[in-house]
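Before anything else, here is the set of structures, which you'll find just below.
Look for chain A in each of the two complexes below; its partner is chain B in the first and chain C in the second.
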Partner chain A sequence: MAAVNSRRGSRLLPTVVLIAAAVFFIMPLVAIARFGFQNVPTVLLGWSSLFKKWTLDGITGAFRDRNFGPALGLSVKLAIGTVFGTIGLLLPTAVWVHLKLPKARGLVEFMTVLPYMVPGIALVAGIKVIQPHARWFLNSPYSLIPYYVVLALPFTYRSIDAGLRSIDLRTLVDASRSLGAGWGTTLRRVLMPNLRTSLVSATFLTVAVVLGEFTISSILLRKTLPVFQATYRSSSPRGAYALSVLFLLGTTAVFAVLSLLTRPKSARVKKIDPVVAAVTDEALATQGLAT
Partner chain B sequence: MTALEFKSVRKTFGTNVALEGLDLGVMPGELITLLGPSGCGKTTALRIAAGFEFADSGTVSVSDVDISSTAAHKRNMGMVFQSYSLFPNLTVALNIDFGLRTRKVASADRARRVDEMLELVELGRFRDRYPHQLSGGQQQRVALARALAVQPQVLLLDEPLSALDAKVRTTLRDEIRRIQTEVGITTLFVTHDQEEALAISDRVCVMSQGRIEQLGTPTEVYRRPSTAFVARFVGSMNELEGTVVDFRNVSISGRTVAVPAHGQADGTDVKVLVRPEDLTLVDDGFPGTVTSVTFQGATTLVGVRLDVIDRLVSIDVGQGDADHLGIGDRVQVALNGGNAVCEAA
Partner chain C sequence: MTDTIITDGVAVRGRTEGAPPRATRRSWAWVGLVPFFGFLVLFLILPAISVFQEALHNTAGRLSLASMKDAFTGQNFDAFKFSVVFSAAAAFVGVVFGTLLAYAAATATRPRWLRNLVSSFSGVAANMGGIVLAFAFIALIGPQGIATKALKYFGWNLYGGSWTLGSISGVTMVYSYFNIPLMVLITLPAIDGLKASWREACTNLGGTTFTYWRRVGFPVLLPSLLGGFMLLFANSFSAYATAKILTNNTKIVSLRLSFYLGGDVNVGQDAIGFALAAWMILITAFAMIVYWRLRKKAERWQQ
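So, the complex of A and B:
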């Protein structure tokens, strides 16, 4: 009897924590959603008005704004560019560090956290150094991509690093090379398929960062989606918040589908790496704050 | 002509010397085992052959072509690793197909070759399984098939059996040898297990601390070890104290025993290393007392404490001959020094 009780007791605590956390995340979202999709004055948003006057007016208004399309387009392109930039740069680097400089792993890991500590404004100030040499580059809105790659580093590097730790990297690479595959083929045909989970979460994190980043793009006067949202908020608060909710749900749905589609064909139940899980939670939280 | 040749290959990691000028030639179709304790440089030699590491000095050549600076993926070598190395995301058939694809073999030929390989390792039924659905032994057989699929010039195996349990280890060992002879491929096989080395090899290369101690057939290495290290590492040995009489004789507690020629000066004290099967129970020899009788199937190992030199020796006694022996029995032991090794004490 005592044993049963204690087992039940040990399940109770996690359940409570889980529910508390869910409430903590969901309540603000619900509040924003009601503000964005209900045509009810804020002071009257109580239990009694829960099912009254739901409307898509706010969001359709936002869609119709002439600045919305270009802002969405730019952010999507930036997101895609950043994902490719991140994976193209980070995966080979992380593999190289793991194979050739295993001792430097701690140092590299520390370096990737720096963007988390250095304020965005300081990163922008760094432009002064390259400005005289790369005016053509800075004139392009895509000059945001390197910033985003750096900003996403604390999340993406951890995710890829955790993935590399979970496979027998050296043996797989050696096996692939002894079978005639060069580094490129090895990355494409051996490493990427076996790092699916961590690459998908790195992609998710990158997109979350790009769609949530406001400071740098606004300082550099780029009309990205978050900048549009902030401007639009002053003219139509309802529309701006409706948009935030939509993006959050939208990106989550896209990645749910994506991670289902990229599940290993062997349908093996892969253990979710705790590090990846933690990082994912963190990114969700940042995205939540950004909305 | 040698199929694979190391010439004065030296390799250091920092101050740690892994290989001290390795000279070794493998003949076409021959299987040579690198045998030695952990850390003696076996894996390093193999990785240098495969192109995963590069030697500090010296050369590696395949069929007399120097490949010392060729990148790993351009060398035509098959390798089987100690740890499971199959690509987890690919089925058995696709794993075997991997090397054929990277070599851009036509797809019809690839399919045929994969079938051939599956048949060779007798795993046809498992072609659509994923690696995690196979046992360790099956995974290593697929790894072997994958390595051989591309028809490499040389096959390299780095302790492919050490992660398997004893029973699977012997069957797979014999199967590797069967396949190797069937395909006729030049092979370098690394192991730290002397029994495995003796069972599988054309020649055994015993290594210690980055150097070759002896290179010879399994019989030579076992029967005529050229150094005390080899004698101790390959098979078991009894150690007896003696004194050198001349270059072919030693005296052990007053009895003169003929031994193979050795380099020790007359009158020095030596350790004489003798295999258990070179000791026999006789009517007139070194007296001693039986301390243990261990039945081992075909032979029985008898432990005897010799009176005069106060040494515990083990003796291989043929089937049935030890039936009447019990602990505490008094016996006499004779010693055949024909395969003994003398080492300065």
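So, the complex of A and C:
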């Protein structure tokens, strides 16, 4: 009985921590949702007006804004380009390292975290130096794609690397090659289906980063979705906030799908979860640390 | 007879395919990494080197440390001091509360979904940087925020003095929103790495809970905690988007740098901007290298 009591007592602190954390993390979300979807100025907000004038016109207004479409279009195209660039560059590299150059693994892994050492805003400073010498390239808004590939590199590589570790790569490649498939066919028809989970997670994380990237695009004056949100706030705060809520819901849904897709088959296997690892790395990219 | 021929053949082929061709194969294998390294050089290393190139040359094109010095003295030094202090504060808060939250979630037995909820939510919140996060906190505790109004109702006028969201406590609070979950993601595997048998062994040898934490638990967690601190520090120090929306406090180095990059600065002043960027890279790289080494140490216990 005493033991049970003492255990109860030691649960007090964790319970307080959990409740405090819940309050801290939920309140800003409630606040932004209210601003985005309720047409009542804070000054007039009170118990009587708490449930009045909830509306979707902030978000419909944002959709109708003539700058919204192009901004969304640009961000989506950048995201698609970044996903293809990432997979096109990293998958062959990672396979090559695993098959032919296992001793280069440490070096390559170190190279993939180099982006963490250059803050996003400092990378833009470097791009600004290069700009006058490479206008033919940097004049296009799509020139952001390779920089976004770098931005996403630490966690995309980690995700693909973890995927390659979990399959019997050499046997698959030998089997495929001995049946007469070339390297391209082996990559596309044997390896990619087997690496589906880690490629899907790398893709989702990349898309989330590109759709939220603000530092590089705003300094280089590219009108991406986050840049639109930031400027739209001055003309319609409610619309900008409502868009943000929508973006958050979208990201959350993606992460939920991701954790369902990549849930380990036996629940008791306690390894370093590749998705958790990749998500951890991605968090850094979002803050502008990666690159 | 036939046997010897075959063995001979194998032996001969073994010889020809053995030593000499392996040397060429090795050199060819490195060629496979050229696209990857080339890409990194073009789009990461070249810009980074350009920053130092600009920072280390004066307007006459001579090698000079003057800009580096200017960027680290006077007002610029104040900015670095402010940024280092708030980044350290944000990292400290993140480490303490992140570890507590991770421990609470890892040891909670009752709602079984609790642990998954905490780790999944951390995945989302750790990524919720940038403008969305700034919007959320402005809506909550900006001058027109609902918490500001609620606090005023209870007699605490947040904006009565000089406090803003851009002050050290303000930035620390906002950054905690992604720092705490990030720390949860880092420490959860470390806490899982603490084996129940260690605790039993400690109890069997006559140790108390305190002894266990002082002699076993804390030393094992220490590399993760210190590594987490360096990571959160670098994360807070280099964040730009959130700060940009939240405040126009030029004491935040990333914002200060962005004003130089805006382009409306005199030509002579340009180098100082690049020197600011160079210092940022040096500080962040230092923090990340320390983190990287500590992480390798911490992963030993998580096998």
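Note that in this section the second predicted complex is superposed on the first by the 202 of 291 C-alpha atoms of A that agree within 3 Å, B and C clash if a C-alpha of one lies under 4 Å from a C-alpha of the other, contacts with A are read in each partner's own complex, and residues count from 1 in each chain.
Just so it is clear, a residue touches a chain if its C-beta (ideal position, glycine included) is under 8 Å from a C-beta of that chain, and two chains touch if they have at least 3 such contacts.
Keep in mind that what you see is a predicted model, and the values were worked out from it rather than measured.
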item	value
Which superposed partner A:21 touches (first chain B, second chain C, both, neither)	second
Partner with the higher number of touched chain A residues, chain C or chain B	C
Touched partner set for A:12, first chain B, second chain C, both or neither	neither
Partner chain(s) touched by A:181 [first = chain B, second = chain C, both, neither]	first
Touched partner set for A:127, first chain B, second chain C, both or neither	second
First, second, both or neither for A:100, with chain B first and chain C second	second
Touching partner for A:146 - first (chain B), second (chain C), both, neither	second
Which of chain B and chain C A:193 touches, first, second, both or neither	first
Which superposed partner A:257 touches (first chain B, second chain C, both, neither)	neither
Interface residues of chain A shared between complexes with chain B and chain C	none
Touch list for chain A against partner chain C, complex	13-15, 17-18, 21, 24-25, 27-32, 34-35, 41-43, 45, 89-90, 92-93, 96-97, 100-101, 104, 108, 110-111, 113-130, 146-147, 149-150, 153, 208, 212-215, 218-219, 226, 229-230, 233, 240-241, 244, 247-248, 251-252, 255-256, 259, 270, 272, 276, 279-280, 282-284, 286-289, 291
Residue ranges of chain B touching chain A (in the complex, touch as defined)	50-52, 71-75, 77-79, 81, 83-89, 98-99, 102-103, 130, 132-133, 143, 146-147, 150, 156
List of chain C residues in touch with chain A within their complex	29-30, 32-33, 35-37, 39-40, 42-51, 53-54, 97, 100-101, 103-105, 107-108, 114, 118-121, 123-133, 135-137, 139-141, 144-149, 176-178, 180-182, 185-186, 188-189, 192, 231, 234-242, 244-245, 254, 257-258, 260-261, 273-274, 277-278, 280-281, 284-285, 288-289, 292, 299, 302
Parts of chain A lying in touch with chain B, wherever the complex brings them together	167-168, 171-172, 174-182, 185, 189-190, 193-194, 196, 264-266, 268
